[in-house]
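Right after this note come the structures.
Look for chain A in each of the two complexes below; its partner is chain B in the first and chain C in the second.
Moving on, here comes the complex of A and B:
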């Protein structure tokens, strides 16, 4: 029984990470109707940016120009209001405040990156065959993957976690602090996305722009800006997901995210592509199911059963567990 | 099929259209290369001229009979027939065989995604099922290869009908993910211990390649190009590869012709009707579920043939051969790049699928500049083609094909002389920036910047122009540019 609960906790925390990525997919799907194959790589790339920021200046502050190698900034340790951002002199030592600063900065960068990707690369394909935009996201996928391989190399890099203390004992099971943190962040982001889409005027605008671009344009919504916003926010959520996934696994590497993205797809579809709640619940379901199968059936069955179940569930509920049935006006 | 917009009469009949001029120029280059290696330049030049004049006369006299699109395909077919003699080594012939294999797969995807509008990411599994059944039957049970193929293709087609059942309930991205799940289940299933005796587990199954029958082998060996294949071993290799190439070419051509006819048949029209509006199709008396499942079945038939050809050409199957990206996602991507719901598009797509990574690899090795960024270049190419040719490459070919000299001249005049000075200033600035990047950061980054210039929508740049215009109200927005933007 103990292993059961341990696996449950384990699966739930991995699942929360799938759910976060699924949340980003849901965001883009609701904003532009596009299934974004590049989501995982966008998350990976922004996590790498965060990784380079999180290291002391001497290592790689400015990720592309390589200027950092020529600057002699080995001894500089930035502080905020006298509080240190780095622990001691180790490369991967960030204080909690430092982690927060890095998180905020990286999410901001990811936001801009998402907006630029939409504005410069996706926009020309909008309003055409839906597959065109999907192929463009495949192109972005290949581009970012190769760029990360080129800049950071294939070797996984350790990524700092904000909470590294002992595992919390819940009696029935133990959970590492990082997993708990990931669960909390997933829940908070899920609620935030739900509130954004259902309770704010901006979210309503984004939904309207996706549902009927021409009508919402007539209603005075700047549809182009809504689409850009959708991509930017999705990239930001994906960035948070990446920054939580990297320390939970063996670190960040260029090919880390594609496998996780597939589970993210599964989670998003399971929950219903247009439901924020569904994304996180679907993610946790996929994560728990996966760890149960690994524990009780055998690891080689995990993909077979996970994806087989997804097909089965879709056959019963064609728009996922929480998705609204598709209503099409003729 | 598509008819070109312009019919010529009088003297104009003897003037090649722009697209025909491109074809003739390609022919000149081709002849030059063919003769240039062995003869001196004068002979090469003279024979090029003769060939081109003959081609021109034949082309002009046959133009009425063959509409212009078929020209491209016919020429392609003629070139395809002599491919083994064009390649420098057997590796290239092997790649061309694989072009035919993947063309079959992409034809199948075209039926289901192009004509019927159902996105399938599960076709890798179908190809795998076919190839594996043939491999198991022929290597474990000693069946005749062609008998095994019959069974493999039939079973795959049946599986295709099964894969079509989700299409009745699911739409759009949900169907895409369901089929993707099917493709993801397939490789781990093969690796299971339970089936290892049959499937060979992770190692997969090896099979000896089909060797050509005696007379064909000796004919091919005798006629192998002597400069590239000098000893007997190389000539036997050539005969082997060419034989497999002709088998897969035959399969590919049959696939192409059937696809062409399918597109124009009752089935093809029904598929397109289902894609465009299910409600309208139903009200026209089309049994939508039946046609949806049939589309998957027909498409699986192609995939089954692709699997059979895959087994013949590669003679090795392993779970990793049928991974998601290589056999399910990339073929679909290259189908869209080639042109959805067209006949020529899948052919172009199959070429791109096999050759784009190899050509980029070649360029990278030669220039040594972006060795580690090959994936980025491929991705960028996907983005550029998809953005600038939304109908795919074949759509672009059609557009070029429908172009007359007058139209071309008019368009380029309009493009060049109806722009504001601001446009030219911007272009010059962009050129300077690209050159500076190439000079100081690296050629690769300059290529990236150039791609961004090509891809990014006009209004981004004209938005920048608007900012400048606000600073200098004297610059007026040009009417034709305005139309261009909206």
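Moving on, here comes the complex of A and C:
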């Protein structure tokens, strides 16, 4: 029984990360009607950028700092009058504050990267056949994957995680600190996305621009800016997912998101490609399902069952469990 | 005195298809002016050029002394020109209230927005009853009311209405035109009205332009258009 609950908890945590990736897919689909096949690679690449800036950075190019200064964000320990301004640290010297700085900077870079990709690569194919944009996303997928292989090499690198202590005991089951952390971050992000879409004027603008661009312009909405914002936010969400997934797996490698993206797609299709709530529920369902299959049927069955399920859902309910029943052109 | 809106020798085309050959119209402040004519005469295209959904190929659009031709639609609406487009174009999967809030997208004055929401609900009590309902489930008449209410939420000085009577029962048409008149008289909103139903349009308008294949064929006061039997027979069809 304990195994069952442990699998349930771990499945939910992995599933929440699938849900985040699915959420990013849904974000772009709702804003632009495009299924972004590059979502996983964008997340992988920005996760690598986070890895880069969490290395000791040489500051020797700044003249007045001298030749030997290095900045290591991860082990940053600012103190004021001898009082530490950072929270806790693991035995590898990483501080929670340092991790937070790396996370925030990386997510900001991912946000800008998403906006630039939309502006420079997706925008030119806008208003033409939707298939053009989809093929552009496939191109970005291949490009980022090759670039990561070229720049970082195929060998997995260990990835920093802020919580690596003993597993937390919940009585019925134990859960690793990192899984718990991932679950909490995913939950907070999902709520933030929900509030953004449902309760803010900007979120309403993004939804309107996706539903009917010309009517949105008549309301004074700059629809182009909404599309850029949609891509930027999706890239940021994907980046958070990547940074949480990498330490949970064997570290970061250029193929980090291959399998994850497929499960993210499964989650998005299960929930309905245009439903944020569906992405979350779909993600958790896929994650829990996967860990149950691995535990009780055999790991070789997990992909077969997951993708068999996608095909079955697409046949029975093409819009997913929470998707709008309206017919959409893809 | 210069009119509030002047469309000066405007030409426009959809790719190779010329929609407007040469259109010139003048809309004085606080008036109701109507554009009449058959399908494909260029009525909707004229409104699209004014609101910025379409760029004119030549000519000028002047609003209050300001050239607005060719500027993007999300800029034009900030000059307080609202367009209720052909086919209403409401946001079908959003609620009635969200549709109205989108009308106020360009505004930040909370109190003013609340006032206008109250005013729109006073004009269209049905929308108040259905404020939490998804807009796609409304009847055709209610959707027309919502499209107009949404446009009024921009607090326009000039309102462009494209076929408000289309597909509606006569009783509802009567209702909607009563409100068009009230918006004009009580709120002082200038209205440019595109209609296929010339009889009902001329009952509220003070001046009319009859369009034919992208040109102005005839223009005169509403009374003159109604009195002229040749115009009525050959262009207005009643």
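Just so it is clear, the second predicted complex is superposed on the first by the 286 of 330 C-alpha atoms of A that agree within 3 Å, B and C clash if a C-alpha of one lies under 4 Å from a C-alpha of the other, contacts with A are read in each partner's own complex, and residues count from 1 in each chain.
Operating definition for what follows: a residue touches a chain if its C-beta (ideal position, glycine included) is under 8 Å from a C-beta of that chain, and two chains touch if they have at least 3 such contacts.
Predicted, not measured: the structure shown is a model, and the values here were computed from it.
Participant: Superposed on chain A, are chain B and chain C clashing or fitting side by side?
Facilitator: The answer is fit.
Participant: Of chain B and chain C, which one touches more residues of chain A?
Facilitator: B
Participant: If we overlay the two complexes on their shared chain A, which of chain B and chain C does A:217 touch? Say first, second, both or neither.
Facilitator: second
Participant: Which holds for A:311: it touches chain B only (first), chain C only (second), both, or neither?
Facilitator: The first partner, chain B, only.
Participant: Going by the contact rule set out at the top, does A:208 touch chain B (first), chain C (second), both, or neither?
Facilitator: second
Participant: Figure out whether A:250 sits in contact with chain B (first) or chain C (second), or with both, or with neither.
Facilitator: In the superposed model, A:250 contacts neither chain B nor chain C.
Participant: Which partner does A:128 reach: the first (chain B), the second (chain C), both, or neither?
Facilitator: The answer is first: A:128 touches chain B but not chain C.
Participant: With both structures superposed on the shared chain, find the angle between the C-alpha centres of chain B and chain C as seen from the C-alpha centre of chain A, to the nearest 10 degrees.
Facilitator: Superposed on A, the angle at chain A reads 80 degrees.
Participant: Applying the touch criterion given at the start, work out whether A:200 contacts chain B, chain C, both or neither, answering first, second, both or neither.
Facilitator: A:200 contacts neither chain B nor chain C.
Participant: By the touch definition at the top of the document, which applies to A:265: first (chain B), second (chain C), both, or neither?
Facilitator: first
Participant: Which holds for A:3: it touches chain B only (first), chain C only (second), both, or neither?
Facilitator: neither
Participant: Please provide the least distance in Å between a C-alpha atom of chain B and a C-alpha atom of chain C in the combined superposition.
Facilitator: 8
Participant: I'd like to check the shared interface: which positions of chain A are touched by both chain B and chain C across the two complexes?
Facilitator: 326
Participant: Which residues of chain B touch chain A once you look at their complex with the stated criterion?
Facilitator: Residues in contact with chain A: 113, 119, 166, 169-174, 176-178, 180-182, 184-185, 188-189, 191-193, 277, 279, 324, 329, 332-333, 336-337, 340, 372-383, 386-388, 390, 441, 452, 455-457, 460.
Participant: Chain C touches which residues of chain A in the complex?
Facilitator: Residues 201, 204-205, 207-208, 211-212, 214-223, 324, 326.
Participant: Spell out the part of chain A that touches chain B in their complex, as residue ranges.
Facilitator: 29, 35, 37, 65, 119-121, 123-125, 128-132, 135-136, 138-147, 149-150, 262, 265-266, 269, 273, 300-301, 303-304, 307-308, 310-311, 314-315, 318-320, 326, 330
Participant: Can you list the residues on chain C that touch chain A in the complex?
Facilitator: 51-53, 72-74, 77-78, 82-83, 85, 89-94, 98, 101-103, 105-106, 150-151, 154
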